[in-house]
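Below you'll find the structures, each written out as structure tokens.
Next, two complexes with subunit A in common: one pairs it with subunit B, the other with subunit C.
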Partner chain A sequence: MISHKDSMRILIADDDEDDRTFFSDAMTELKMDNELTLFNDGMALMDYLSNPDIVLPHLLFLDLNMPLKSGFECLKEIRANQRFKEVSIAIYSTSSSEKDIEETFIEGANIYIKKPNDFTKLKKVIKEVMDINWQFHSSGLNKETFFFSI
Partner chain B sequence: MKLYIKYDGIVACRVILQEQLERLDIEHKLLELGEIEISDSVTEERFAELQESLNRYAIFIVSNEKSQLIQKIKDAIVEMIYENDKLPSITISQYLSDKLNFSYGYLTNIFSEHTYSSIENFIIIQKIERAKKLIIEDQLTLTEVSYKLNYSSVAYLSSQFKKVTGLTPSAFKRIVDKRRNLLK
Partner chain C sequence: MKFVGLYKNSQVFKIALGIAIVFVGYIASVFYTQMRSLDSSVSLIANATETQLELEKVLSIISIYETNLRSFIITKDDSYLKNRFLRKGEIESNLKRIDKLVANNPARIKDVKRLKELIDYRFELFRETLLLAKSKSPNSLILNAKLQESNEFTEAMKNFVYKTINAEGDKVKIHNSNHQFELQDSIISAFLLVILSLLILLLSFNKMNVDIDELKKANDELKFLNRSFNEAEKIAGFGHWKVNLVTNTYTFSDNFYRLLEVEPQSFSPSLESISQFIHPDDKEYVSDMHLQSLKTYKPTSIMFRFILPSGEMKYVMSVGSFVENSDGEMVKTGVNYDMTDQFKRTLELEENNRELKSINEELESFNNIVSHDLQEPLHKIQMFISRIEAKENDALSDQGKVYFSKIRTSANKMQTLLIDLVNYSRTIKGDKVFEETNLNELVLQVIDDLSSDIEEKKAKITVSDLPTVKVISFQIEQLFINLISNSLKYCKENVAAQISIFSEEIEEHEIRDNEKVSNDNFYKIVIKDNGIGFKQEYADKIFILFQRLETGAQYSGTGLGLAICKRIVENHNGFIQVTSEPNVGSEFSIFIPKKA
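Take a look at the complex of A and B:
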């Protein structure tokens, strides 16, 4: 369990540099105590995660569309490994198709974010995601049925 | 063979506490709502052992008075939502101040100050959690679920469910069923 005073370890994998900056700026502006690590693609992320010595993150943001290894492929690989069962996974994408959203949850994502293109909206979305994720960590809610689509 | 199990978290927690305290030979009394009284003669080592053995079950000893009160608020809400077959019609503010002997204003302030959330929000999330459980158990219709959880209508439950999860109750059910099939 983490208390609200501890910082959240967050990883973000996105191949688009502008989006990465957009995201980390929004996160920083929220002034929550977060430890943020960025990856340029899914391969780099999976390489990092395969190291058994790392301290596991609390929350992972995955861009759905990345070359080499998509967010969806990362999601499947991560969920196939028991080691990561406590890690919350947030997928973000420009798609808002219900089928895509459901498919992502079925494969084990906890959060689905329709990527907003406006900075203020993005900040609001991230804040909501952090709040609900914190609730799930701190109140011992059932991770198996933790789905949040925004 | 795959089995679906049903369990009572509060009873399970009491049994675990009892077993661990007995195993470590610590004189104790289980009080209500997440309180235990243990003998003052317990050594620091023994206490650390107790802490460690409880942490394995995700049970944590919180000693600070404020965090204790927040934990009591949370436990009282969870108890009210999960232990009753149907939610009592008494208002939650009344219920909490009666149960904890503090004014509701004091409780909401302390809760908001020390968590990222409000009591109201915590209650909504817990009610939706119970609704999720009931939907998955698949014994009740959504109308029955909304009655059990004191929603004025099934439409109100659905809209609160959608607000908290971003999904409709039926999409939620579909996802859980498909996930189960996938994991089989």
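Take a look at the complex of A and C:
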């Protein structure tokens, strides 16, 4: 079992530079001892993950609308590969459309986060998501708890 | 009536006619045999009479002979003996005729044989007497004795002959009386025959008349039917055709030709002649389908194009199936109908459909723009606002702080509006899945989601006794979110908001769209608040898109919330009503059909 208490390896793929900055700023302000890696798009993320030498991340934040390779495509590819079965995936998108929520749920994402419009809220979201006991969360996963709300 | 029915039944009539003909045949054959026996009676009688006559002739010749002999004895004149041999010859020819006449009567043959013996003996006596008489000195005693003997023998012969003649006479008598009976029978038979034949003739004639009448009537009716069929063809715009598979002959109705815009029967019907009207691209397909069906007897339904002499194109549907005609020959029969208008309309409809689809797609992409592309920059504006507020707020002047908070309010308002627009467009879209939903659970979930707003307004919400209904879950959730938010938004200042949500019995007098609304077919759910309310006259206005009653800065409505509510309820074939009183509160009633 992966222990999250000490240090978590976190990846985020988002094509929006500002959103990446907000995210890393929030992490820094939270002063959590985490290892964060940023990717500019899905392609870069998948290239990184395809390297067999890397240590796998605990948690992956995935934006949906990205050029070259969308978050949805990344999700499918990752879930099709047994190697990544321990990786928790949090969808991190501006959209809150029923369609996106439903489809990512079906494809095996662990949680769906709508990007908060307030930096304080963003910090809160990140903190709460870090505190989730993923194994417990995943086993009791249903559509009601899938969409994350603070 | 029953008799008439039987009379009209040709089967019964045929049997009756058969019986009558057999009966007439029987009577005719009886009559024939009677006539035959009558004929034989007549010939028998004639035979007997002739036999009598001949016998009498024989007797008379013998008498003449005897007389001549006596005269010779007395006169000794030879002239009396002149015809002696001739007479004998005459008797012989008489006897020959008698032989012929009695040939069929064995008893009579015997009689004749005896007669011949008698005659021979008599002639012996004649000769002896003549010899005696011719001698120079005739012994008169012997001569007398011979004459005496001759005389007696003649008498005896006469008796014998008369006996025979009498026997023949008796036979004639019997025949005569029989003949009388037979004649009577024959007359009756003949009469019956004539009467029966007449009867049959009359019946047949009458039947024929009736049949002809009926045939004529049926014929007239058929003609009329044919005419109305032709008219119907004209009106309905279809043409009728048939193909006799045995004779390979084609028949086209008048309107078949009119559909081609040519004079009826202006060319002889055949596959080749009609093929010339078919669009070149369709020709092979049509004739292949048709000829194939003639082998399999499977019904056909072919759509193709005709090119009319005017160059105009016509879309035609040709439907055919197989039947056997009265001669047991297989016939393919069918109709062609003009589908040009229908086809064009379908094309138009398809075009419209495509347009609608593309409009829908545009709407969808618009929806995407609103929900995502517009939200993204807005999201960023809001994020930066929160960043500046957290980090740079102290650097702003007081005026700057005021302006800045106005920017934030506007950005928030814009976000609400965007969310409402997305929600509204979601109520229009097609994917509506109805599922059994426990409204109690659903409303409690909504209250949970709205908890921060509820806390802020210090509102008290009571939920009691809501049904489980088959609805589009996410829409009904949106409905309660909007209604509760609405009540929270328009609550009175300084008074704790009270919202109660409950289901209620429907009162008898509720009528909508001429349909009685009752507990049998509808659920009624009420959301009641103690807010600022409004004048009842605005009740309909509040459900209209972008219509707002309160525009004060403290009320942050978008004018979409209740319009969304109305749409959602209508999506469920229900309706929403509101009763309100200023400063007392509003009461929203949702009616949802029990059968979705």
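The rule is simple: the second predicted complex is superposed on the first by the 128 of 150 C-alpha atoms of A that agree within 3 Å, B and C clash if a C-alpha of one lies under 4 Å from a C-alpha of the other, contacts with A are read in each partner's own complex, and residues count from 1 in each chain.
Note that in this section contacts are C-beta pairs under 8 Å (C-beta built on N, C-alpha and C of every residue); 3 or more make two chains touch, one makes a residue touch a chain.
Bear in mind that the values here come from a model prediction, so they are computed numbers and not experimental data.
When the two structures are aligned on the shared chain, A:Asn51 is found in touch with neither subunit B nor subunit C. Of the two partner chains, subunit C is the only one that A:Asp18 touches; subunit B does not reach it.
A simple residue count on subunit A separates subunit B from subunit C, and the partner touching more is B.
In the superposition on chain A, contact of A:Phe105 is made with subunit B only, not with subunit C. When the two structures are aligned on the shared chain, A:Gln82 is found in touch with neither subunit B nor subunit C. Counting contacts as defined above, subunit A residues 98, 149 meet subunit B in one complex and subunit C in the other.
Within the complex, the subunit B residues that touch subunit A are 58, 60, 74, 114-117, 122, 125-126, 129, 132-133, 136, 164-167, 171-172, 174-176, 178-179, 182. For subunit A in complex with subunit B, the touching residues are 1, 4, 98, 102, 105-108, 112, 130-132, 134-135, 138-142, 145, 147-150. The residues of subunit A lying in touch with subunit C in their complex are 16, 18-19, 22, 65, 94-98, 115, 117-122, 144, 149. Only residues 371-372, 375-376, 378-380, 382-383, 386-387, 390, 415, 422, 426, 445, 449, 474 of subunit C touch subunit A when the two sit together in their complex.
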